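Have a look at these structures, which come just after this line.
You will see chain A twice below: alongside chain B first, and alongside chain C after that.
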Partner chain A sequence: MATEIAFSDSAAKSARVRPAPGAGQEFETEKMSLSMGPSHPSTHGVLRLQMELDGEILTKCDPVIGYLHRGDEKIAENMTYNQFVPYTDRLDYIAPLANNMAYAIAVEKLAKLEVPARCQAIRVLTAELARVSSHLLGLGAFGIDVGAWTVFMYAFEEREKLYKLFEELTGARFTTSYSRIGGLQRDVPEGWTGRVGAFCDQFLPILEETLALLTRNKIFMDRTVGVGVISPADAIAYGLTGPNLRGSGVGLDLRKDKPYSGYEQYRFDVPVGTKGDCYDRYLVRGEEMRQSIRIIRQVLANFPGGDWYAKDARKIFAPPKDKILTSMEELIQNFMIVTEGPQLPAGEVYFEAENPKGALGFYIVSKGGGVPWRLKIRAPSFANLSILPKVCVGCLVSDVVAILGSFDFVMGECDR
Partner chain B sequence: MSAIAATEPFLERAPQLLRDAATGFLPEPWRWLVNSLIAIGVILAVFGTLFAFLTLAERKILGRVQNRPGPNRTPLPFIKIKFFGLAQPFADGVKSLTKEDIVPRDADQVLHFLAPVVLLAFSIITFAVIPFGRHLVPVELDAGVLYFFAAGAATELAVFMAGWASHNKYSLLAAMRALAQLISYELPLLLAWVPVVLVAGSLSTTEIVTAQAGWKFGFLPHWYVFTPWGFAGFVIFIVAALAESNRSPFDLPEAESELIAGHLTEYSGFKYALFFMAEYFGMIALSGMAITLFLGGWRAPLPFLEWIPSYAWFGAKLIVLLLGFIWIRATFPRLRMDQLTRFAWKFLVPLALINLGNAAFWSLTSHWTGALQLIRWAVSLVLIVGPFVLMGRKLSAGVAPRVYRYAPS
Partner chain C sequence: MSAPADATSALQERFPQVTERASLDHPAVNVPVAEVLAVLKYLRDEFAFDMLVDLTAVDWAEGVLPRFTVVYHLLSTTRHVYIRVAANCSGDDAAPIAPSVVSLWPGANWHERECFDMFGIKFEGHPDLRRILMWDGYPYHPLRKEFPLAGIETVLPDPEIAEETKTKVIASPMAGGPFVATAGEMNLTEAEPRAKDESWSEQREKPE
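Let's look at the complex of A and B:
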C-alpha cells in the first residue's frame, strides 16, 4: 500500500466543497485516494478496491481484480475433460463439491450421459453440504467484517465438522474432486449417510444460536439495515445471482427454475429479501442453510440404491484395473482415455448450477475429441462484484467492509 | 495520609506497616519522597502484573466464549509444564522486546516515538488519585476527579499523534476517528460523574468514597449505583469508558477489519506492546474510577464482610468490571463512526444531562422520609426511565424486526 497521501488535482476540483461555518468563503477540500487490498483483512482474498475518499465517504470505488488469475479457461483447452475436474475445485474453493458437480453435469450434457438416481442423490447431498459450508464461511466472515468475532468461531467449528465428513467421503478436506464425469469418484462410505444425518440434527440448534447473536442485535442491524441497497432492477441488470440476487427480492433459484440432478423431487423454499440491503442478504443466507438441511434430510430419507455411475460411461471412465492388466481391449481403451481423453461429440453446451455463491455456468464448445475447444466459466462472484462501484459510492469505509462481507464472494472464482 | 488507628484489623494496616518498617528510619523530608517512590513502584508492579495476566485472561475468556482453548502452549520457564498458558504473558513480553522496531521512512520520527510514551504516561498518572483501599490513596488531591479526567483525556491525543506520525492513510483515518470519538465521548463521561460530585459535595475521590459509607436497612450499601440516578450514571459512565479506552464495540480507531490496525498499523515490537499496555491501563484506571464514583470504592458490599481488607474489595470489584469489558468484547459487533457519534450526542449526552437534573432533585429531597421517600424514588425513576425509553425509541426508529419471505413457486 502506498504510504503517501496522494491528492489528485482533478479530484480536488470535483470534490464536494463544504462552506465554512459562519463564514461566506468556501474551503476547498481535497480527496484522499486509498487502495484497499489486495492484502487487507476484509477483502476476502486478493480483491483490491481503489477508493476515493472525501473524509470517510467514498466518492469513487474501482474494484481491481485479477490478482488470482491462473488462466483456468485456457488450461482447460490443454487437457482432457477428466483432467480438468481438479481445477474446478479451485474456482469457488469454499464449495468445491458443488463446482465438481456443475462441471460434471455440463460435460455429461455434452456427452448425453444419464447418471443413475443414486449418483444424482449423492451429488445433491454433497452440493447442499457444500452450500452449508460456504454460507457458514460467508456468515462468519461477515461477522468479522462488522466486528463480531464470536460468530466466525462458531461458524468455523461447524465447518470443521463438515470438513471431517468431506474427508471421509472424498479423502480430501478442501480440494475434493468428487463428482466425475458420468459418476462419482467413489460410492459413499459405510455409515456416512448416518453421520450426515447426525450432523444435521446437531447443526440446526447451533445455527439458530449463532444467528441469534446477530439477527436482532441492535449494532448489527445498524451496520447492515439500509446499507448497500440493491434494487431488483439493478440486481438483474448487473447479472447478480445467488443469495445476492435473492436478497434483492428476485426469487430466481436454478434448483427450482431449471431443476437438475433431481432437485425437482425435493421440497424446499426459496427465501428472498425485501429491501435488498446487507441485512437481507444475511437473512437469506441464514434461511438457505436451513433449507439446505431440509433438502439433505429428504435425500437421506429415501436414499436410492443401485449404481453410482452411468453404465454407458465406459468411454469416459478408465476400465477396471485388473481388466487393464489382463485384457488387450481394456488396455487399449485405458491408453486412449489417458492420452487422448474421452472422445466426446462435437457441439456446444451451456449448463449452470445454483452454487452457493450464485449461478456457476460452464459453456463448452467441443469440436470432437478429448479436449474442449473452448471452455468458458461463468463465475457468480465476478458478476456479483461488478455492482460494487455502484453500491459503494456515498458509503463510509465501514460500510464498504459490511457490503463486501454481505456479498460473500471468493476471488478464486472471480479471477479464475 | 491520615494516621491509622491501631484498632483496625491487621490486614487493613499491613501495607502501611510494611512501608513504615521500610522507611521509618529516614528523616521526615526524605520519608515523604521515598514513600512516594514506593507507591509508584507498587502501582507499576501491581498493575503491570494485572495487565500481563489480564491479556491472558482476555484471550482465555474470549477462547471460552468462542469454543476454543485460547493460549495453552506456553510452558513455564525452564520446566516443560504447560499450565493454562500461564506463561503466555512472559512469552509475549520477551517477544515484543526482541522484535525489530520498524519506523516507516516517511514517518515523523519524534512523534512516532513519543506517541506510545505519552499514551502510557497519561494512562499511568491517572492512577495517582484512585483510592485503592482505606488508606491507599497515592495522592490526596482536593480536585482528584477533575485531575483524573484531565489526564485521561490526553490519552486520545496520543492516539492522534500516533495516527498522524505514522504517515499512513489507514492510521490517519484512525486518528480522525479517535479525535471524533474523544470529543463525542468525553462529554457523556464527564456528565456521568458530575451528579456524583453534586451529591457527594466534593471533587476529592476520598471524600466521594466516604460519602458512600453506611447501610440502608442494615444490608443495602449506600453506594450511588443503588440510586436511580446513580445507576443511570454508572451505565453511561461504563459505556463512555468503553469508548474512551477504545474497547469493543467502540474500537473504531483500531477496527482491524476496516483500518488494518488503525493507529497501530505502523508500530511494531515494544512500541506496539506499549500501546497495548496503555489501553489496558486506561481500562483499569477507568474501571477503578467507576468503582470509586459509583460502587462505593473499596467498601464491602455487605456489613458482615467488612473484615476483608478494603484493597481486596477494590480488587474484586475491579476484576468483575474488567471481566465485564471482556465479555462485551466477545459479544458485540462494532459500531460505525456516524452511529458512534450519533449515539453519544443524541442519546448519551441528553440522558446524562437529564440525569444531572435527576441527581439535583435527589440532592434537594435528601431530607424526605417515610412516604415522601417513596415519592422521591418514584419521581427519580420516572425522570430517568422516561427519557431512556423515549430517546431509545427515537434511536431505534427505522430498525424494525424484519424477516425474509419465500419466493412463490
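Let's look at the complex of A and C:
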C-alpha cells in the first residue's frame, strides 16, 4: 500500500514511499508525478495537469491554468463598452458570434435597450450557427483524442462551409465582432439566408453520417461509456453548465429556462444524458446540433423584416459614415462616442447566455459613463474544468484524455 | 416554493441586518460579512438556489471604505431565478477577509482562488488558497485599482531560468503607456514604440 505523499510541484519528479509495515511486501511502490501539458495535443490549448500516479491510476489531479491569461477584465475597465466587443471574440474563440451576442445583451440590459425582432432573429441565427461550429470542433477533437481520425475530417469540412458563411456575413472567419451593443455590425447580405438554408439541408445527412462513425463504434464506446461519470448533484455543486451539465441529466438550458433574444418563440428540445459519462456528453452535443439546425430553420422560415438596430441606440452606435462626413451633428456625435464612449447609467447587471460551452456570464458594475467600473466574465470552461480534480481521481491516464475531450473546453475563455 | 421577491423578504425577516441592494435586473441583497455563510446556506436549502454560478469581487478604489465587496450570483436550477448576494469584506486593505463558501459549493474553490489571486481577498476556511491565473509567488493583485493596466516589472520566478536567460525580471514594456516614438534617438522605422514620458506637462515642470 502506498501512503500519501506530499505533492511536489516540479514536473516528473518521483518520490519513494515506504511499504506498509508487516505487509511482507518485497517491492517498494512509488507514486509518480506526471505533468501533462501545457503543450499537449489532448489538452486542447494550454491546460496543464499535475497528476500523481499509482501505476497507471490517478490518485491526484491538479489542473494548472492561467497560461493564456491576458487580463481581459482589467482591460475592460480601461476602455469603452464598444471597444471591448473584439475582446469577447477571443474568449471562446471557437464560437465568437455567441460571445458577441452575450456581451451585447448584457450591456443592453444596463442601457435598457430593446433591440428589434430582426436583430434578435439574426443573433439567434448566428449563435446557433456558432453552436454547430463549436460542437463540430468539439466532436472532431474528441474523436482524435480517442483515436477516431475520420470524424475530425468530416467535421472540419463542414466547419469550413460555416466559416465561409461567417466571412460573408461579418467580414471575418474567426474574430467576428458581429453583435454590437444595440444592434449588429450590419444587416445580413443579400441571399445569405438562402445559403444558410442550403447549408442546413446538406449538413443534416452529413451530420448523421459523422455521428454514425462514433455512436455505435465499439472502440469509441469502450473508451467513453462509464468513464468520467459526474452525478447530477456534483454537476450542480461545481457550477457545470452547458452540455456537460445536461450530460449529467440536469435539464437546465438558459435558452429554454431564461429565454433571451426571442428564444421563447422557437420550438426545440433540450437533450439530457442519463449516466453523466463521457459518452452521454457526446450524445448531448450530437443532438444539440440537430436541435440547432431545427432552430435555424424556424428563424429562416419567419425571418422578420424591419430594422436591425435599436432606434434609441443613437448614443451608442456610430452614425452612418456618409452622415459623419457631411453633417456637423453626426460628426460631433461620432466624436463623443469614440472619445468618451456611450454614456450608460450607473447600476449592476448580470446576464448569462447559453453558449456552446455553457453559460457565459457578464457581470457589469457601472458608475455611469462610457467605461465599466468592473466587468467580470463568468467563463463556462473555468467552472467546467474545476470539477477535474474530482472526476479524474481513480481514472487511467488514457481516460483523462477521453474526459478532457468530452468536456470540450477552451482555454481562451477559462484563463481570460 | 416562493417567488424570488419573497426570498429577499424572508431573508430580511430571518436576518434583520440584510438590506436590499440596488440592482437593474435580479433581486439583490447586502449581507454583513459575518452572516454570509448562514445566508447562502439558507438560500440554498430553503429557496433552492442550488447553483453558485459566479463569485467575484469589486474593488471600489483606494481609500474608499469599505473597499472590497464580494458578490455571489446564485441560480435555482428548478425555479430558474437568480439572486445576487453582496458582502463587504472585513479586514484592512492589504488583506481583506471573507468567509469561504467551499463547504456549501465545492465549485466555489476556483472562484475564490481567482478572487484571492486578483484582489488579495483571504477566504477564511478555504482548503487550498493558492493563486490560480498568475503564477505562485507573483507579488501583486492585478485587478486592484492601483495596479496599472500596463503591468509592473516582476522578478522572474525561477532562478534557473533567470540564470540561463540572463534576465532577472519580466519587463512590462507598456508601463507608462500611451506609445510615442522617440524622435532623433534611433531609426524610427526600426525602433519599438516607447512609453510617453508623462512626468511633466504644461502644469508641471519638466524634471531635470
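By our rule, the second predicted complex is superposed on the first by the 390 of 416 C-alpha atoms of A that agree within 3 Å, B and C clash if a C-alpha of one lies under 4 Å from a C-alpha of the other, contacts with A are read in each partner's own complex, and residues count from 1 in each chain.
By definition in this document, a residue touches a chain if its C-beta (ideal position, glycine included) is under 8 Å from a C-beta of that chain, and two chains touch if they have at least 3 such contacts.
What you are looking at is a predicted structure, and each value in this text was computed from that prediction instead of being measured.
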item	value
Touching partner for A:Arg216 - first (chain B), second (chain C), both, neither	first
Touched partner set for A:Gly273, first chain B, second chain C, both or neither	first
Which superposed partner A:Gly71 touches (first chain B, second chain C, both, neither)	second
First (chain B), second (chain C), both or neither touched by A:Ser398	first
Chain B versus chain C as contact partner of A:Glu287, first or second or both or neither	first
Contacts of A:Ile324 with chain B and chain C, given as first, second, both or neither	neither
Contacts of A:Ala172 with chain B and chain C, given as first, second, both or neither	neither
First (chain B), second (chain C), both or neither touched by A:Tyr363	second
Touching residues on chain A, where the partner in the complex is chain C	9, 65-66, 69, 71, 73-75, 78, 109-110, 112, 234, 236-241, 250, 252, 257-258, 345, 347-352, 359, 361, 363, 365, 373-374, 376, 378, 382-383, 385-387, 390, 415-416
Residues of chain C touching chain A in the complex	21-26, 28, 50-54, 56, 58-59, 71, 73, 75, 77, 80, 82, 84, 105-107, 109-111, 114, 118, 131-136, 142-143, 147, 149
Chain A residues within the chain B interface of the complex	1-5, 32, 34, 40-42, 55-56, 143-150, 153-154, 157, 213-214, 216-223, 225-226, 246, 251, 253, 256, 269-275, 279-280, 283-284, 287, 396-399, 401
Residues of chain B defined as touching chain A within the complex	62, 65-68, 104, 106, 167-170, 172-173, 176-177, 248-249, 251-252, 255-260, 330-339, 396, 398-399, 401-409
